[in-house]
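In the two complexes that follow, chain A is the common piece, with chain B as its partner first and chain C second.
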Partner chain A sequence: MPDLQVATRRVAEVVVVEPKGFINAHTVAEFEGVLNALVEAGDVRIVISGAHLSYVASAGFGAIMGLIEEARAGGGDIRVAALTGTVAHIFRVLGFDRLCRTFETEGEAVLSFGGH
Partner chain B sequence: MGRDRAPLEIDVPATCECLSLVHEATRRAAIAEGFDPSAAEEIAVAVGEAMTNVVEHAYHGKPGHAVRLRFLPGPDTLRIELEHRGAAPTNLPAGVDLGRLARERRRGGLGVHLMRRLMDHVVHEESAAGVGCWVLERNRPRASSPGSGSES
Partner chain C sequence: MRAESERRPDMTTRAVRPTAPEAPASPGTRYQQLLAEHIGGMNPGLERRVSELLALTDFSAAAFERLNAAEVASLIVLVALGESGARWAGLLSPDEEGVLRPASRRGAGKPGWEELQLEAPERLPDASVLRSGGEPPKEDAAAEPFRQLMRDSEASSATLLRTRDGLRGVLLLGEPHPDLAGSQTDFLEALSVSAAAALEKCRRDEELRVANRRLSLHVYQLRSLMDLTAGLHRARDEAAVWDLLLHGAMGHVLASRAAVVAGGRVVAAKGPKRPEDDGATLVRAAEILAGEHNIRPATDLSHWATSCDLARMEIGWVVPFASGAVEGTLFLGAAGFGRELSSADRAFLTSLTGQASAAVESLRLTRASIQKEKELEVARRIQARFLPSEAPAYPGWDLWGINIPCLSVGGDYYDYLTLDEAVFVTIADVSGKGAGPALIMASVQASLRTFFRHGQPGIASAAQDLNHHLHQNTEDSRYMTAILARLEPATGRLDYLNAGHVHPVLVRGDGSVERLDRGSTVLGLFPEIDTEVGTCELGPGDLVALYTDGLSEAEDPAGSLFDDARIVDALIAARSMGARDICGDLLSRARAFSGPSPLRDDLTLVVLKRRGRQIVV
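Moving on to the complex of A and B:
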């Protein structure tokens, strides 16, 4: 089984990105490539579902950090949902809860985009 | 691994492909030392950040180098060293401004900050012989919380 698999689903005008496995400096290219492709294509309403992540190193958070303003400039955002355990803890200790909107569930995150 | 046993040393190729191996070895060592699974995961992430720093900055991603990973259980802390012969880090940040990094579309610059937030003590030491070493310590359970220790 690969270290990281990244699936995407479209829910109305929102794209849900669902990484499974772990994100570190070795696997981040896969995750970053998916985010880059979405933003470049103008799919800037993005929800990252963290339900199936075992851990995320700084490289993974850096990928979000490097693209979030690009998504916002295009009228969208990168929002995060369903973080658990160590991933949620690291998200908070890095201060990402002040940079990026987070939600308990993927559904709440999708709905948060409303019609915008 | 008990507290009265000899240190454990592992030589690992300094490549990103070995990050998951280092993560898992560290996680298991921390659990064997009495840390709960979530603390062990945090320690493993911190050690992975140090390993990444060595691969990307000390050796600039060039193959053919190694890192010596050393686990040193003490009475109050678990100390983990990552010894290398690459370039020493320069200008280690005292903190990070995420908003500024995001506005600048930066994708890096978080690793040392994360190490410091997850461990009680983080320092990079250099010998006159050109040996560099990341030293990370985490207090044992029931000691002070992570991040409350000194930072260097």
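Moving on to the complex of A and C:
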């Protein structure tokens, strides 16, 4: 069982990225690779669903920060949904929820992109 | 509850309603309810006191259930307003710097309330409740700031909410309803104690929350640093190290842009793509900061035009770093939501960049060592290929040679070239170690073989030729020492030329010793050399030992050398043995002498032994 598996789904014009497991120094390159490929392809409306995320080390936040401006510049955004337990706590403690919009559920996050 | 009633018979005459089935769970609330039921019909003074008492217990019970300072402030104001009958009530409480600022207000509004503020005075007045009006101003000066506050807010009273730790708030009340003047002061004094305690509890709760949050953050950051450190040292190449450094740094300060410059170029960058010339700006800024170790805000480079460019690129912080030969600079966009870097952030970044540069250095050293190991392996194979696999055999003669390479490849060489009537024996040592000398040896062997095979048997001209070849084709400081010898097995005549080499030893069958010292200087250092060929006769039982300084300079742990005198003694003692045994004997003596110290140089030894008569016959 690898430390991290990253699935992606398309919901309307939004891509839901669903990392499962741990985002840390060992796996961050893979996580960034998925986000990077989306942004490069112009899929800039991204929701990261945290439902199956066990842990995010600071390198993982670095990967999001490195692409969020590019996504916004392209008319999209990287938003976060369905955080639970430790991960939700880390987001609050770091103040990451002030830089990146977070939602209770994946559905709310997808709808937040409106009718684009 | 029944027992309580029985002890107070005067109260039992009142209509006490039985406890309702849905009675509140809290005993405090039940008690309040009970008291409230008795208020009607008391004398007005007692009734008022009981009402105040109820308000205080109610306040205390509620205030200590709440954690939020704003809610507690609001409750204090409501209780004061309700019991005092003032037209308005307001509370100021200290902010983080200790300045009293409006926290809550109810009742008739007054413009300017939100702007009120008071630097909490060092000394507080003795009285807890200050009133405006006809009192003579005989009280202490410490009351004056609060009186000014009352004048500014048009309050009729100011109640100081204080604990042993200091002032927790000031409760201001507007003009009271005329009928209700009188007992307010006592009530306010009582309220001030409970209210101050409640506010103090809120303050401590908040401090605890902040401390917990900070602790939680530090634990997280420490875990992240450990995670990053492990990741950096596992990285397979430099690009992976720099990428991880950027991820770690950006994730820590929540910056959306970062780059690393090392070795005069941008080795990694993240965040929105930027024009090419931005790279040149980063490199220039890194050059300006080369050799520094302080983390600096980008604006700190204000002496250089670079700072404007960095501002345009939204670079907030510059982090120079170094580990051994790896130097670089990390550029970070402004930290998330514009916060400053704390000392803990700086320590994190210093540690992270240090780990990254150490990881890169370690990758480079590993690569260099693999490269070197490969080179040595090639050199060893070259050397092994041109050493003779066996000695030539001649009737009445016993020839043997050994070569023990030390860990690093040296430049020892020996060879036999057999022609019709003679055997040419060469032993040589090229200066230096590694692949260079080994390749020179290969070319020396080739040129000697060419030379002798083309029918020029003179060893003097062979030495001249070799000198010329080496002088022309190797770097200036490279040279070779050698013995070139020509042995006629039929007659026992040995012609030799000693080109700066350790003197070979001739041991006669009777134990007498001669040194073979005729020849020239070393080969390859000078364009021309003078040569002299020495000649000697080897009779039955005589032997000549040729060796390199790997033998004569074998060292014992104390640093003494296995010198020529020991070699000569050993050869004399071993002279009746065969050539192979003599070689083995000397090698084991040299090894016993050096003990645990490894050989520092290649060791080569060739023995030419003419068998004694009794063996020949």
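Everything below uses one rule, namely that the second predicted complex is superposed on the first by the 116 of 116 C-alpha atoms of A that agree within 3 Å, B and C clash if a C-alpha of one lies under 4 Å from a C-alpha of the other, contacts with A are read in each partner's own complex, and residues count from 1 in each chain.
The working rule: a residue touches a chain if its C-beta (ideal position, glycine included) is under 8 Å from a C-beta of that chain, and two chains touch if they have at least 3 such contacts.
Predicted model only: the values in this text are computed from it and were never measured.
J.: Touch check for A:A73: first (chain B), second (chain C), both, or neither?
T.: second
J.: Let me test your reading of the model: by the given contact rule, A:G85 touches which partner, first (chain B), second (chain C), both or neither?
T.: Touch partner of A:G85: chain B, not chain C.
J.: Pick one for A:A57: touches chain B only (first), chain C only (second), both, or neither.
T.: both
J.: Looking at the overlay, what does A:D3 touch: chain B (first), chain C (second), both, or neither?
T.: A:D3 sits against chain B, while chain C stays out of touch.
J.: What is the contact status of A:H26 with respect to chain B (first) and chain C (second): first, second, both, or neither?
T.: Both partners, chain B and chain C.
J.: Looking at A:M65 after the superposition, I want to know if it touches chain B, chain C, both of them or none. Which is it: first, second, both, neither?
T.: Both partners, chain B and chain C.
J.: Considering only the touch criterion stated at the top, classify A:L94 as touching first (chain B), second (chain C), both, or neither.
T.: Both partners.
J.: Take the contacts of chain A with chain B and those with chain C, and give the residues found in both.
T.: 24-26, 32, 57-59, 61-63, 65-66, 68-70, 89-90, 93-96, 98-99
J.: Please give the residue numbers of chain A that touch chain C in the complex, ascending.
T.: Listed in rising order, the residues are 24-26, 28-29, 32, 57-63, 65-66, 68-70, 73, 89-90, 93-96, 98-99.
J.: List the residues on chain A that touch chain B in their complex, please.
T.: 3, 22, 24-26, 32, 55, 57-59, 61-63, 65-70, 85-86, 89-90, 93-96, 98-99
J.: Sort out for me which residues of chain C touch chain A in the complex.
T.: So the residues of chain C touching chain A come out as 213, 216-217, 220-221, 223-224, 227-228, 230-232, 234, 240, 243-244, 246-252, 254-258, 270-273, 336-337.
J.: Under the definition above, what is the set of chain B residues touching chain A in their complex?
T.: Those residues of chain B that touch chain A are 16-17, 19-20, 23, 38, 41-42, 44-45, 48-49, 52, 55-56, 96, 98-99, 101-103, 105-111, 113-114, 117-118, 147.
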